[in-house]
Amino acid sequence: MAPDPLSIADGPLVKVVDELVASHDGLTRRHVDCSCQLALPSRDALVEIIRDLRSVLFPGYYGNPDLSDASLRYHLGSTLDRAQRQLQEQVKRGMCFACKRDPRACPQCEQDASAVVRVFLETLPKVRHLLASDVQAAYEGDPAASSPDEAIFSYPGIEAITNYRIANALHKLEVPLIPRIITEMAHSTTGIDIHPGASIGGRFFIDHGTGVVVGETCIIGAGVRIYQGVTLGAKSFPLDEQGNPIKGMPRHPIVEDDVIIYSGTTILGRVTIGRAAVIGGNVWLTRDVPAGGRITQASAQEECFEQGAGI
Amino acid sequence: MAPDPLSIADGPLVKVVDELVASHDGLTRRHVDCSCQLALPSRDALVEIIRDLRSVLFPGYYGNPDLSDASLRYHLGSTLDRAQRQLQEQVKRGMCFACKRDPRACPQCEQDASAVVRVFLETLPKVRHLLASDVQAAYEGDPAASSPDEAIFSYPGIEAITNYRIANALHKLEVPLIPRIITEMAHSTTGIDIHPGASIGGRFFIDHGTGVVVGETCIIGAGVRIYQGVTLGAKSFPLDEQGNPIKGMPRHPIVEDDVIIYSGTTILGRVTIGRAAVIGGNVWLTRDVPAGGRITQASAQEECFEQGAGI
Amino acid sequence: MAPDPLSIADGPLVKVVDELVASHDGLTRRHVDCSCQLALPSRDALVEIIRDLRSVLFPGYYGNPDLSDASLRYHLGSTLDRAQRQLQEQVKRGMCFACKRDPRACPQCEQDASAVVRVFLETLPKVRHLLASDVQAAYEGDPAASSPDEAIFSYPGIEAITNYRIANALHKLEVPLIPRIITEMAHSTTGIDIHPGASIGGRFFIDHGTGVVVGETCIIGAGVRIYQGVTLGAKSFPLDEQGNPIKGMPRHPIVEDDVIIYSGTTILGRVTIGRAAVIGGNVWLTRDVPAGGRITQASAQEECFEQGAGI
Amino acid sequence: MAPDPLSIADGPLVKVVDELVASHDGLTRRHVDCSCQLALPSRDALVEIIRDLRSVLFPGYYGNPDLSDASLRYHLGSTLDRAQRQLQEQVKRGMCFACKRDPRACPQCEQDASAVVRVFLETLPKVRHLLASDVQAAYEGDPAASSPDEAIFSYPGIEAITNYRIANALHKLEVPLIPRIITEMAHSTTGIDIHPGASIGGRFFIDHGTGVVVGETCIIGAGVRIYQGVTLGAKSFPLDEQGNPIKGMPRHPIVEDDVIIYSGTTILGRVTIGRAAVIGGNVWLTRDVPAGGRITQASAQEECFEQGAGI
Amino acid sequence: MAPDPLSIADGPLVKVVDELVASHDGLTRRHVDCSCQLALPSRDALVEIIRDLRSVLFPGYYGNPDLSDASLRYHLGSTLDRAQRQLQEQVKRGMCFACKRDPRACPQCEQDASAVVRVFLETLPKVRHLLASDVQAAYEGDPAASSPDEAIFSYPGIEAITNYRIANALHKLEVPLIPRIITEMAHSTTGIDIHPGASIGGRFFIDHGTGVVVGETCIIGAGVRIYQGVTLGAKSFPLDEQGNPIKGMPRHPIVEDDVIIYSGTTILGRVTIGRAAVIGGNVWLTRDVPAGGRITQASAQEECFEQGAGI
Amino acid sequence: MAPDPLSIADGPLVKVVDELVASHDGLTRRHVDCSCQLALPSRDALVEIIRDLRSVLFPGYYGNPDLSDASLRYHLGSTLDRAQRQLQEQVKRGMCFACKRDPRACPQCEQDASAVVRVFLETLPKVRHLLASDVQAAYEGDPAASSPDEAIFSYPGIEAITNYRIANALHKLEVPLIPRIITEMAHSTTGIDIHPGASIGGRFFIDHGTGVVVGETCIIGAGVRIYQGVTLGAKSFPLDEQGNPIKGMPRHPIVEDDVIIYSGTTILGRVTIGRAAVIGGNVWLTRDVPAGGRITQASAQEECFEQGAGI
């Protein structure tokens, strides 16, 4: 009988492979129980889809710059058609990824993905309308912006909000995983981390943006402006009997219309920042602020001393 | 007469395209009134240009690593020649992008771009000189740096400062849009956001860097060292009658030579941080600091209490 | 004699090239004295290597998604074999890069690289084991995480920790430059900057992560959880006689098991944060905290007033 | 009511699009009646598959050159696994492409493709065995070949025969379209056009090869050697009542073992070239040649005069 | 004064560069006298343009395979719009390339290119009509073709004729250089060399095709079928006083409707092959053939003996 | 003991891999005995090298089109420097590939490659001079050529001759394998197969070219013109005692200055075609032709009858 080539020593390769094969125990090796296609969602495909949607939402700024009145319709139509087909594939993959633990949901994935993308498509004009208001807000809110063009073309805030608005529309349709990947793409390039589950009104402006975190259950009104390093996060989570955080509860701030929050500020918990309040920079805030209130680091701190407030 | 294929239902595609075509009203669809070429500035081309300029500024570290005494000149010459031609194209596109609202400036774009790039080229030896001082400062300022090589090759601070110094040279020549795109490229990969309009002296060192923001009208001396999360920003903007921020006013800090600013600190407004002052971390500062002053979070805070200072 | 083409005026190109050639004085032009290969470490190659190692550590999530029981071994084996050969090349280049100033170490580079990679390979099962615990911690620590899958597939914290754990294994083997490039790759895409020299136990969770800095000599226990914007840094460095920081000294915090540090907090110097302590957000901390201690911005501040502590 | 943008003149674009839409009448626009996936076979994917199979058939020459005894098995296994999965997808697409006119065959495509690829896989050792004999024949048949290595690595004849042997194995399994695409890939790069339906024995050598044509129903024995510009084609086809050629009949030559055919020769029709016959160059031949026969242009011509033979 | 780095010996590099710079004397170095843009026509761009045009001419076979009745128009429109803009750029470059020796024609290039492309666009429906007839002819003419689909998708003859028909339309519009590059692209991938100046009717079928040459002034009727290795070339050229061939004279065959020419045959000079004639394989023919004539190698040869015809 | 995953059935994959591993017996698996680097020559790298050399030989036509008098030298210098370094690597790999069976030659590979490339570099001005004459010949020889530019830019004959002249220079320096790969690259794209060992004088013109074969020991004078399908090959090879062809003997034609050979002609064996002879098309020729001789198919045939000449 011929010797097994695998038994021949070749440095540690064979030994290490054996150990790794033996050790993959279900947590770090992906097992798939349902019968749907194995293909994972593709980040590269999603990058393409977002690029296409961006050129549909901002024609002339992204994608083909040469758009006559006659050719505009052709380009919008063909780009949108391509985007919807590719998005449907990715949505289906996201559904299959998630249904891993609920195989019964699986035969539906293809159909569900198709239905979801149809509805998503119909929300695009509204998404475009919101983004137009965000661009206007960026131009008005930044003394360094020379034109709305510049904001569309080079502001990381607009990039992050665009990804968020698309992801949020998919999140509302209960698409798993894909919305998160879309906002993480913007998080990686802009440092702005908006959870797709957050609810955000029009005329939203984020300046500079690095380090901004907007949590899953935030509710943000219209005309809100925030700066780099602002966290709208959760306070200490309620734990269940096993000591694990209870998932899915409203736990992030409500920020009403026209609030401004300066850089480095952290607001935690289901507090409400009232209409047109102004929160200074580097503030640590875990309580409600009334409409029109002005909070500075000093005032916040003072109050902390009084309250001896914990985290 | 044949039926219009567009009238045949195909899911919501036709309807959505119609809505989008109808809704693009000038804000989010780019209209071009001047007769210059439509091509938009290309981020990919600018990435190539910066790569080329970096290999000219740090030969042997970037680009071709095999440079003999004889071939060095060939490689510098050909790389610089390629970079200048491609930069001229991008500068022209930036000018056309901007002249959209001032068509009379447009016939000049090609010529202006050529003139600008010539002058830019002549500033490169000075840029190289400044960057050499920045590299030295990084080596001296970071106990973890084992050699200047390592700083050139892997420090995000050096990457961001390189992009800034190139962008600033173009900004001084009043090139629109392009400088901002160049600094945003570094912002995206390093989290360091330096406005191309800022003025920064030699031996500038940014450690770690994520979240650093340096505003448009900052004036920074030589030998300044700053850490991650530092903001040199504007205080609340003076508003005009319509309630919009007035654009273009000096509104960011002046930081004199040899100042150190530790992580997370925010300095806002046209204040002056005097020579060799040391500002601790997480400080919120909106007033002048004398030369040699030392500000900590505690001392800054204390003062806030006294002043009850607003944002 | 024919005229030298270089003497013909061609705008400033020739003049600028001459100035640049003349000015490269050793700091910004790379000179290599040893006889080893000149090739620089390649970021693109390292991106590929990390991608391969990630698919070996998380089979089915990265790389080929279609892994049967029989083909798993083939794919692990071939991917690992490719990764080890490419890593050996990069390690050798890193050694050559570093030995530039110590030519005598150079003939050994090829052999040393081979030896190092063999040992590195043998640590991979342990790395995988640690990462599995990190994934579990992410799932348990984030109420927004719907499954460990989602953490593996889309959490920037997992990406940064994976790169760190690989880089740390190479750092312990005294590989120069390469570990730093690997962690900087993750720094660029996630905003999380972990020095490869840091020591970090299992079940480590970083949420959101933008702006996190973990210094070279940090020692972090098991089950630690930190949030965006947290700095574990060095206080003012001891200077040598020339006024330069002394390199290589323990100067970053020790964080014991199960500590939680909320967003925006800065901990500096060789202090110890005791087991299960909880540090609130935006805290500035430069002293030890006992096991089980709870520090908030208010309490930290109060103490600062008392101590009048400088930076 | 807003005017239809499409009615606005924009050069001939709209008019031409209308004409083209109206004129696609079924011949040049692809209509698909069955319910299977629309995706067309992908030439790029087939290029990858052939590359993978080639590296499995000639390990060390193609694909990874660094194969130890231990890693060889890993690389063969993973490459073959990838190739089989991708081939299955392409085979399925080929089946869907063909079933367009026979929708009933369609639901089977996925299953059929899987079954076909399994059988194909099992024929690979035999394909490898035949190709080894072809390489040996190339080395022995070409005085300019310095080693079998050189033949494997740079002979267009080996490339074309490799593609043919793979395509032929798929053709025997009645896979539509894909085999033809595989041989056309080699036709394009080598100028050698072998129909996948031809039957060819071992030790087959084609020298230079440009212009070689081997028809669908050829039967070629072992040890045959042919040169550039040789056609083994069909004579005038029998026509059916409509005057169209009748498809699928044996109509190309039978070439027995060890025959040599020199450059530029054309052999047409279901004739038999007997064992070890030698056919000179530029010969036009439409009749049987006995075993051991020697035909030159002169002798062929002479006979033609006698027969007054038509085409 | 510092020594000139170029004077330092570095192997033969400097010497060879000097020799090459000195020796480029106008023939092999491109000099441009006119003021138009220098950019050369781009083969890669033309590959893209042909790909786009092919997907417009054969929708569903090339380009996007998923075309509903509604989206077909969008895709045709956007693809054609992109193709026309890119073609205009290439046509302009071709004009600039050619005007090198006639600078006066140059200021017109941009306008001329635009006018030419408009007319070209309007011929596309006719080109599509001809190609549909070619596909039908391929299906009918090849017993191995199982469907017209297969011919469209994988026949080199269809590829070559498509490129020819596009190139010919541009050639008629007197576009320099570009038509030749387009037919050479197909020559390279199929071995079929059709000069764009040739005139070819509908239902043209080339089987196998490698080695086919169709000369500049050929006139080919409808329904002609030719096989691999057929040359329709020029006889010995009339020379001018300097002994150079006189350019531009009709010098290639006229081939009337429904002629068949078998493989390897060469027809030279301004002869006429009459309607429905059949020319056998490997024939050398330099005289007229009457309508319905049948020529074999034997009959052609016989006649040669009689005529003692030279080349 | 855990069951071996490989023993678990997974279709035929494991079985086929086992068979393939067992069957690779030395002919089709590459074994390397010498200690030199395993890396195979890279076709992609050679494509780049040829592209670089072509832009050095025809500046302005290939590579950078914007060459001023000043920048020309920089571009030639840097391109040539890059080409020489990459060529040295490929030459070394070719040497290592060949030394597989003569390990003693191996330690020399690096040095030998360096020496060879130096000499090669010094021949480039002569190569350029020859190619300039070839371009002139193409322009003069083809009535369809409108300028030498067109020949440089789009003639396959010029492409094939360029590759040949580079390959021949390397062949004379006894570089193994690489020259053949370089000529095969052109063979693949043009259908013109010139062995790098052939000797060819200046002003060489190949028109159309598909199917041209020029054998290893051909000697071709200056001013020779040949057409598509011409073979300059070997007659039946002398066999050694084992019945194998004896390698390396002069066995291909000598073609003297100013000979013209028309399409489809085959000339075999060490015959001499005398100065200015003209050989017609489709001729089969195996004997000397005197200077000024004119051979047609008829005259060649006639003679064959007389001689009853075999192959």
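Here the chain labels run A, B, C, D, E and F in written order, and each chain numbers its own residues starting at 1.
Criterion: contacts are C-beta pairs under 8 Å (C-beta built on N, C-alpha and C of every residue); 3 or more make two chains touch, one makes a residue touch a chain.
Keep in mind that what you see is a predicted model, and the values were worked out from it rather than measured.
Common neighbours of chain B and chain D, by the contact definition above: A, C, E, F.
Two copies of one sequence, chain B and chain C, touch each other mainly through non-matching residues, since under half of the numbers at the interface are common to both. With respect to chain D, maximal separation of chain centres occurs for B (centres as means of Cα atoms). The chain with its Cα centroid farthest from the Cα centroid of chain E is C.
Each chain gets one centre point, the mean of its Cα atoms, and the points for chain B and chain E are 50 Å apart. If you average the Cα atoms of chain C and of chain F, the two centres end up 50 Å apart. Mean C-alpha position of chain E lies 25 Å from that of chain F. Residue positions of chain E with contacts to 2 or more other chains are 5, 13-14, 17, 21, 66, 71-74, 76-77, 81, 191, 210-211, 229, 264, 282, 301. The part of chain F that touches chain B in the complex is made up of residues 64, 66, 71, 73-79, 81-82, 85.
Within the complex, the chain C residues that touch chain F are 5-6, 8-10, 13-14, 17, 68-74. Taken in their complex, chain F has these residues touching chain D: 11-17, 19-21, 23-25, 27-32, 38-41, 97-98, 100-101, 176-177, 180-181, 184, 187-188, 191, 193, 195, 197, 210-213, 215-216, 229, 231, 233-234, 237, 244-249, 251, 264, 266, 268, 282, 284, 301, 304-305, 307-311.
Those residues of chain B that touch chain C in the shared complex are 56-61, 65-67, 72-73, 76-77, 80-81, 84, 118, 121-122, 124-125, 128-129, 131-132, 135-136, 140-150, 152-154, 156, 189-191, 208, 210-211, 227-229, 262-264, 278, 280-282, 294, 296-298, 301-302.
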